[in-house]
Every structure is written in structure tokens, then in C-alpha cells.
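Just so it is clear, A, B, C and D label the chains in written order, and each chain counts residues from 1 on its own.
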Amino acid sequence: MGNVLQLLLAGLATGAIYALAAAGFALLWQTARTINFAQGEFVMLPAFFVLAGTEWLGLPLGLAILLALVLALLVLGLLFKRAIVDPLLPQGVLPVVIATIAVGILLKESVKEFYSAEAQPFPSLVAGGTLHLAGAVLSLQDIAVLLVAGLAILAMQLFLTRTRLGRMMQATAQNPEVALVLGIPTRRMVLYTFLLNAALVTLASILISPVYLAKFDNGETLGLIAFIAAIVGGFNQIRGAIAGGFLVGVVDNFGAAYLSSDYRTGILLLLLIAVILLRPHGLWGRAEERTV
Amino acid sequence: MSAGRLAGPAIGLAVTILLLLLPLTLRGYGIYLMSLWAVLTIAAMGLNLTLGYAGQVSLAQGAFVGIGAYAAALLTTAGWPLALGMAVGVGLGLIVGWLLGYPALRVQHHYLAFVTLGANTLLFLVFRNEDWLTGGVYGIPGIPRPRIFGLATDDPLVFYYFCLAMLLLVTLALGLLLRSPWGRAFEALRENPVRAESLGIDTRRYTLLAFAIGSAVGSLAGTVYAPLVQYIDPYPFALGMSLNLLLMVVVGGSGRFFGPWLGAAIAVLLPEWLRFSEGLYLVFYALLVILVLVFLPGGLMGIAERLRLGRRPVAG
Amino acid sequence: MRRRELLSAIALLALAAPSLQAAETVRIADVIELSGNGATVGNMWKNAVEMAVEEINAAGGILGRSIEITHFDTQSNPGVSRAAVQKALDLDPYVVLGPIYSSSTKVNMQLTRQAGVPQIVGSEASVITEMGNPFIFRTSLSQAASMPKLANYIRDGIGAKSVAVLWVNNDFGRGGRDAFVAEMEKRGIKVVADISSEVGQSDFAADVVKIKQAAPDAAFVYLHEEESARFLREARKQGLDVPLIGETTLLNQKVIELAGEAANGVRGHVGLSADAPLPSIAAFRDKFVARYDTTPDHNAIKGYLAVYTVKEITERIGGFDRKAFADALHCTTITLEQEPGILIETSWDDKGDVDRVSFLAEVVDGKQKIVDTLPPLGVTCN
Amino acid sequence: MSALFEVEGLSRRFGGILAVDSVSFSLAEGEILGIIGPNGSGKSTLFNCILGQLRPTAGRVRFAGRDITGMRPSALARLGIGRTFQLLQIFPGLEVRANLLAAGQEHRGSMAGRLFGPPDAGLAEEVERMLAFFRLAHLAREPAGSLSYGQQKLLDIAMAFMAGPRLVFLDEPAGGVNPGMLAELGERLRLLNRERGASFVLIEHNIEFVMGLCSRVLVMAEGRIIAEGAPEAVRADPEVIEAYLGG
């Protein structure tokens, strides 16, 4: 029982990170028809912005995180949109997919060359320590990850549904033509989406790196699992993608513990393929009427 | 105009002579690189059929190279001739490729990219975990080089000519295929699947065929790769090779017949050209891919076409 | 550009090849992981090789000839490593050093064998020296040599009757796991949990739970550096109270740095260690730190002693004959008195396997502490 | 004379909305039938249900005595049912000639024949005829995407006729075509009808075009057929005027 709870809680804590990455992934798809194959590297990078801030510039952690956020907004938000997506999207979805594959390589290799090929310890914002709960153990870091990620997801949902700006972004995502007719500055809304994604990956990066260390190739696994999460949950619906993140985190842990550790990744991939074939809009997604 | 018309054959002749004679001036490493280029070009031409001509994205081509490589390695180390390994490898490639096509009937574009990506990783896991068959992480050592009409190909130069001959055969076969109505149906599928279907083109069947044939060509490349490196394990056939093959096709020019020749050449030679940059060559490569995508949607072969004004696109 | 390079290389070789003996330098090729996942270990090796070469050249070279070292990057990729060895052989080197990754060595060792060039590698997979290749030599104990020592420790030192084994599912991890399990069976120790994990895996919660459920007397953890650190943190978090046993990597300084406090209490066997209680190693460590501003690991020691092995054996045979070199490096021992650069007395058997003392260590207060020195297994030579 | 083509009680529901509400009509060999109606009256949905793009919720479709309900578009095409789309649908990256070859190649011979047979699938002459008929011969080697809109429209229609269909569905053939070209287009269609005996069903907004071409007209509104008859009679029908003005 304690073990089951342990796996569940650990799965949820990791799943929270997947959820953040998957939500950003879904946002980009909804609003800008952008499939970001570099989303994993996007999560990897901000941790190195922080490390560059503390190690190279000698900044205190808080300031370094702020710097990382600003850099992420500029590079992973603005620059990514202007230099990659804007010129390529008119050619279709596929060129963007291929370009983001290249972006992923670029980010990964750049970090390796210009920072380090080695895994880096990353400062935690939370004190060490653990909490025992019915035979399971949670570290304060886990609790912080769950709390912060949960709050961020909640805040994002409130922002998207309750504020004027958020609703304008939603409208743009759902039907850009109509949004334009309604006088919504859709181009700016699309830009905001990219910025929001950059903020989400920065948050994910800062939450995950103290636990799993910062390393240039962390994005490979993380990106793959975030895609699976988004698609399994339903990536035309942000709520679906978030639920998918938690689900995938939990399934991964239970699968590894009770099914097969050899085929650990395979279990998730089978889930992915089954969902795509049987329920392409995802478990919690909205069915998109396929236009012929 | 007449000069433009002669340019194609003239370039072809020059490239052929270069490919035949250049290795004579090279030592082991240069010959190995050219052999590797020939093998990767075959694999990329297969992907170019699926992606460039039929418009179906596949991120699993590397796994198909693996299927061919394992078929060849297992059979030749058990004493069977490579020809059998090739037949089995290509046959397996056709079957698994056909199966991989089924998801493409339901989902397109990015979804298809994910499904095929998942398939690649699953196949990799099978290569790695089913060690009773594949030798698992230990791989298969001592893969012999074939004898062609009684001639041993142990010498790197002789084996290079074998690789080149395979490449030319594949190029010829694909050229004929793409000129045939099948090729035209593939292109119609890429250009406008709904219209193609309304004109009687069975898009389901052609989609499956595009996957099966493109994948089988990838497997054929694998059957040459195994005796080239003489040792295989699962790692070369993970997602990385699929992504690299995809980038080769795109850089060379997706849907351009000779695009993979150029794309593979750049992928193989770029680390050499950028030797001064040490590890940075991948950064440059990624930048090159992005620049090509943004500024040259037709890939590098697209420039060649633009330069030869008056010539038509290489279409069926 | 490439063609010009090749042509000039060919011209150079055409001149140089027939009269290798007459040249003033001796060419050594270093084929090593400079990029890719193995960049960390590869650069340790490369830096130490550079250091050794400079020292030897400054002291007059080998038999009066200075070493000309060329590094080739395997990109941690077996296919590329084969190309890199091919490229290295085009330079007609006297000896090839590296690589470290066993998967790469297995692919490229065939080439040096065909060319008749001795290859001194940093790989530890058992299979490398089991193919009857007369030109392959190790710099460290193979998995087959380390595991018996570790197994004895688990039986005698820990007193375990049952163990769990957690390994990384690649040729390194699988090779170690297979050798380990065989040794356990020989000693009648039960393997109660046999858990594979992925390269780059971040979440080890399930793995720790599985070990807990199996309730073994000890757990043997055979992962790469980052994964080791992530596992140790998760184990500490879940309060896993089983002795955690490692082989070299788990007690590595990098793991300790990454895992922090969670590494304390880890025990195990260490083949080579920069913390070994030997003055020669301590001196090497200081030199390395002074030069590169980073602590050397066992891979640095391997690279360093590989170069000094070339020097010592060449001086023994009195010339630059590759075949004689390979013969002389079989069934031999290099002592510290003969060549201080060997750092630690090392013997090679008839297959190219290494034998030497090794250590039992424990992580105490964030430092690897050597608690015992184990004698060599004893070289078998017919 | 038995009908060439029959639709019987065809319905299609989207969620709560009945987009096509038990529509029935038939068509004789050689007939040109026009379907008109205001936007959103269900014309396109009707076409899509007939032509295999959408599965009808209820109803039957028969062609030459055979039940073709729910058959895939390519199968319908091979039976001799061609179509064009509301928006231009060609293969822009292929040459004009290749567009026509692709349009005709699947209608005869076997898959093996298409792989090992001649590259032009024995359609060279037919392609020349079509190019001449639609006055596109001088553009045969141009990429179809580089043609003017009117030329592309002609190509689009030429493709639908490549295989000599018995029945062709035209979805707004006059849409976006300039008046000069329009007369030409009508002329070509009439000729195809007369010389090849092809029957047509066309959806069209351009009432003049429909009246000039069709022998019979159906009027749809809110998913149902509200009027049917000769063009003049329909034009005078008060219910039709109401549907257009009131819609």
C-alpha cells in the first residue's frame, strides 16, 4: 500500500512537470499551429540560463532566475516565433516540425559546447527534508513541485478563462478568422502564446532541475514524454494536455514497477499509438471535425 | 536552352566519373566515408519516396535500416549468403513498412510524425531487449563481407564499388518507379490527396505502398550497412538516425530526385569540413538546416534548379 | 578543402610511410569520446594523454623521438568511432589509444587488428579481450576481473545472502550485470531483484520501490554518473536502508558532487581512483588539478598510464616495431620503479587484460575514502 | 427509361442539426441537372454524402442500377463518376500534362501494369485531345500552379473528364470565373454533354449559368428540396423566391 502510494505520488510530482511542458505544447498548437519538437530542449535550457547567471555573472539565485525568465521570453518566445515559426508556418505544419527538430539539436549542442557536457547540480529553492504519509515519503521538493506547478496551472486556467486578455487568446486559438473580425489583435495574441510557453518551460526547468540535475541532453526524454502526455490527454485542449501529463507520470512509474522495466518507454509509446489510432483527439480532448 | 538541356547529363557524367575515380586516390578513411555516403543515400532516397514524393512523414526510417542490418547480420553470420539477407531484409521492410502505413490512413502530418517516432523507439527496444534474436546490447560482431560473383569484397575499395553499385541500382529502380504511373500517383497523393481520391487514385493503397517501398529501400540500405561496419548493435538505429535521414532529405531537397545524394553528402562531409570547430559542427549543421528551410524551401537541389533556368522540376 | 587536406595527407604519407623508422617523431593516434554522451569521460582521458605526452616530450621523447599525438572524436558513436579509427590508421600510427566506450571498441578493434597496430583502450566490457585479438590491451580491470573482487566483498564484507541489482540497459550496464550475476551464483547469493533502467532516466521512484519490495541484504547499483546520482537521491528520499554497493562509477567524485549528501554511506570496489592511497597517484592528481583546474577521475588515470605504457614497452623492445610491441605487452608487468608514469604497478596477461591492486572504498562526508586495498588476482600466462 | 442515378431519402445529421433532410431525386442518362439554393441549404453536404466524403446518416444512392452508398471516392471514380470541387483542386506542383495523366491512369489496366507498363499509361492521345479541347496544349509542360485562375479552372474540369465518366458532379464550376471565360466554360460543358454523352449534376450560385445549361433544376433550402422542374418554372416559383429573399 505504501509502495503504491509512493509510486502514485512520485508519478504525480514528475507528471506535474510533464503537464507544464505539455500545456505549453498544446497552447502553441492551438494558437499558432506550431508543433514544437524542441519542447524538451526548451525545458532544459532555462536551467542553464540560471546557472550562467549564478556561475558566470555571480548573481544571487533570485536574480539569476529572473534573468533566465527574461532570456527565455526573448529566445524561446520572441526569437523562436520570429525567426523560425513566422517564416515557415505559411509552408505548412511539416516544415515547422522539421525546423524545431533542428532547433532542438541546436539548443542541446550549444549548451554542451558553451556550458558543459556534464550534468550540473542545480540549486533548490526549497529546504531538504521529507514528509511521511501513510507509508510513502515525499520530499519537500516534491511537494513544492506539485504545489507550484498546480498553482501555475490553476493561474493559467484562470487567466485564460477569466481575464479579457486570456479570453482573447482563447478566441484566437479557437477561430482566428472570427477573432480578427471581432477586433482581437490576433497577431499579438499569438505572440503572447509563445511568451506564455516560454514562461511555462522556464518554470518547469527551475522545478525539475534540482531533482533531476541540469544536463544538455535532458530534453530528449523529457520532450518525448511531454509529447506523449499532450497527445494522450488531448492537445487541442489545455486541460487535456495537463491531465495527460499527470497520467503519463503515473503510468510510467507503475509500468516500470509492475509491468516491465526493459520496455518502460515502450509502455508509454504503446499508449500513445493506441490513443492516436483510437481517439486521435486524446482522452480528454475535444473532437476536431476533420475538414475535407 | 540547349546548353541547359545538356547540363543535366554533363553533371551526371562528371559525378559518375568522380564517384568511380575519386576513391582510387583515397585511403581507408576516405573510402569508408564514401561507402557510408552511398549507404545513407540509399536510405535517404527511400525516405524521399515516402516523404518527398508521397508526402507521408516518417520518423522511423532509421529503424528500417536496422531491420535490414539485423536481417543481413543474422543470416550472413549463420553462413547464408548476403543475397538472402537482402531478400529477407527487404521483405521484412516491406511488411513492417506496410503496417506502419496504416496509422497514416487515420492521421496525418504531425500525428503521423509522432506515431512513426513511437514506432522507431519501439523497434529499437525490440532490437535491444530481444537478445535471444538480436544479441541485445552486445550486438552482432564479425559480419562477413559478401562475395559477389565469386569476388571477395574484403578490400575496402572493392566493397565501396559494391556500395556504389547498389546505390546506382536503387537510383535506377526508383527513377523508373517514379516515372511510372505509381510515381505520379504518389505525387498526386502529396499534392492533393482529396483530389487524387476523387480521380480514382486509391489513396489508401498508395499510402501503404509509399510506406512499404520507402521503408524497404531503407532496409536494403541496412543490409549493405551491416557488412560495411561488420558489427552492429541497436544504438545506431535509435531515433537519431531517423532524424538525420529526415534532415538529409530536407537539406538536399525533399521531393527532388537527387536531393538525398546531396543531403547525405553534406551530412557525411560536414563534420570533416568543420573539423576546426570540433564539437560545434552539429550546431552549424542545425543552423544550416534552419537556414535551408527558411530560405530554400526546395533544399539545395532547389538552387541547382533555379540556376539551370529553363529546366523543369524533376517530376514524373 | 577536404580534398586538399586528403591530398596533402596522402603526399605526406607517401613520403613518410616507407621510412617510418627514420622520422624524428613517433605518431600516436588517440581515438576518443570528445563529443556526445561520453564527452565527459573522453575529455578526462584526452587531457591526461596530452599531459603525459608533453611530459615525455619535454624529457626527450621515446628513444629520442618526440610523440606526435592526434586526437580523433568518436562522437560517442560506434559507427563514427569506426570511421575515426580508419582515419587514424590512414596516418599510419605506431599505436592507437582509446576509445573508452566498449560499444565503440567492439566496432573498431577489428580495424587495428587488420592493420597490425596495437590499440590500448579504456573499455571494460569483458568481451573485448575474449576474441583472441593480439593487438588489444586494456588500461583498467575488465568487468570480469572486477566483479569477483566485488562479489567477495559482498559475501565477506557485507555478509549478504541476497542482493538486488540495478543496471543501466546498455552494453556497459548489461555486461556488468551479467558478470555480477554469474559471480553471485558462484557464491550462492540469491539475486532477488534484477532491475534494468534507461540511459538518461530521471525518475527512479519505481526502481527504489522495487528494491524495497525485494528487501535484499544489499543492492548493487551499476549506472552511469548522473543516473547514479539521481538514484541515490531517490533512495535517500524514500529512506532505502539497504547497503548500496557500487563498482567504481557509483563512488566517483562526480557522482558524489551531484548526489550531495545522499552519496554518503555508499560502499564498493574501485578499480582505479584518484583518491587511491598511493603517493604516485596523489602527485598525478595534484599535477592534473594544477593544469586543468578540475579533479581527475579514473579515466584520466587510464589515459595517462596508457601513454607511459607505450613509452616503457617501446624502450624495452628498443625500437618502433608494432608486432614486437604487442608481443612485449603480453604477460608482462610494469612496476613503478621501472616507469613512475605507470602510477600503479600493472600487469597484462596473454589476452591483454590488466591485473593490479584495487580498492574497497566508502563515501564518507562527501569524500571517497579507501578502506582496504585488494591484492591482484594473479596473471595467468601459459 | 430507368434512371442512371438515384438518391433516395438521403439524410445527414451533424450533432443536433439535420444538414440534409431525406433528399430524393434521380437523373436520366445525358441529363444536366442543376441544384441551387441559398448558402447553408445543404448542397455541399449532399454532394459530400453522395461522393463518399461523408457517410450519410440515412438513405441510399444508386448508380447504373448499383447501390453505391458509402463507397469511397476512388471506387466511385473508377465506376465512372467524376467530380470537381467548390474550390480549385488540382496538383499545383505537377505539370499540366501530369495532372491529366494522373486523372486518367487509374481507370484501366492493373496495378502491375501501372508499375511496369508505359509511363503515360497509354493515355498520350487522350491527354492531347483534352489539352486541345480545353485549349491548354501550349501549357502542357508548365507546372499547373503557374497557370492563371481561369486556366486552372479549365484544367480542373478537364481532369474530371479524363477518364470519360458517365456522370460528373460539378461544385460551383462558375465560381470565380470571369464572364468571358464563363461563356467558354458553358460551351465546353455543353459539348462534353453532347459529344460524350456525359451527364452532369451541378451546384451553382450563378443562376444565369444554371438556367442556360441545365434541363432541370432542384432548389434546396434548409436541407430539403423545395422545388423541382424546368428552369423557367422554378424561377417563377414563389417558394423559391421566398427561400432566397427570406434566407
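The rule is short, and it goes like this: a contact is a pair of C-beta atoms (placed from the backbone, for glycine too) under 8 Å apart; a residue touches a chain by one contact, two chains touch by 3 or more.
Note that the structure is a prediction, hence the values are computed from the model and not measured.
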Pair sharing more residue contacts (C-beta pairs) when B-C is set against A-B: A-B
Innermost chain, where centres are averages of C-alpha coordinates: B
Remotest chain, subunit D as reference, centres from CA atoms: C
Chain centre separation (subunit A, subunit C; CA means) in Å: 38
Centre-of-Cα separation between subunit B and subunit A, whole angstrom: 33
Subunit C and subunit D, separation of their C-alpha mean positions in angstrom: 73
Numbers and ranges of subunit D residues touching at least 2 other chains: 53
Multi-chain contact sites of subunit A, meaning residues that touch two or more partners: 112, 262, 265, 292
Residue numbers of subunit B (touch at least two other chains): 128-129, 194, 279, 282
Complex contacts: residues of subunit A adjacent to subunit B: 35, 83-84, 87-88, 91-95, 97-99, 101-103, 105-106, 109-110, 112-113, 224, 227-228, 231, 262-263, 265-266, 269-270, 272-273, 276-277, 280, 292
Subunit A partner contacts - residues on subunit C that touch it in the complex: 35, 37, 39-40, 43, 169, 195-198, 200-203, 205-207, 209-210, 212-213, 225-226, 229-230, 233, 237-239, 254, 257-258, 260-261
Residue numbers on subunit B that touch subunit A, as the complex places them: 57, 103, 106-107, 109-111, 113-115, 117-119, 121-122, 125, 128-129, 194, 243, 246-247, 250, 279-280, 282-283, 285-287, 289-290, 293-294, 297
Touching residues on subunit B, where the partner in the complex is subunit C: 25-30, 32-33, 36, 128-129, 136-139, 141-142, 229-231, 233, 235-236, 269, 271-273, 278-279, 282
Residues of subunit C touching subunit B in the complex: 1-2, 6-7, 9-10, 13, 34-35, 39, 73, 75, 77-79, 82-83, 86-87, 89-90, 103, 106-107, 110-111, 127, 131, 169-171, 173-175
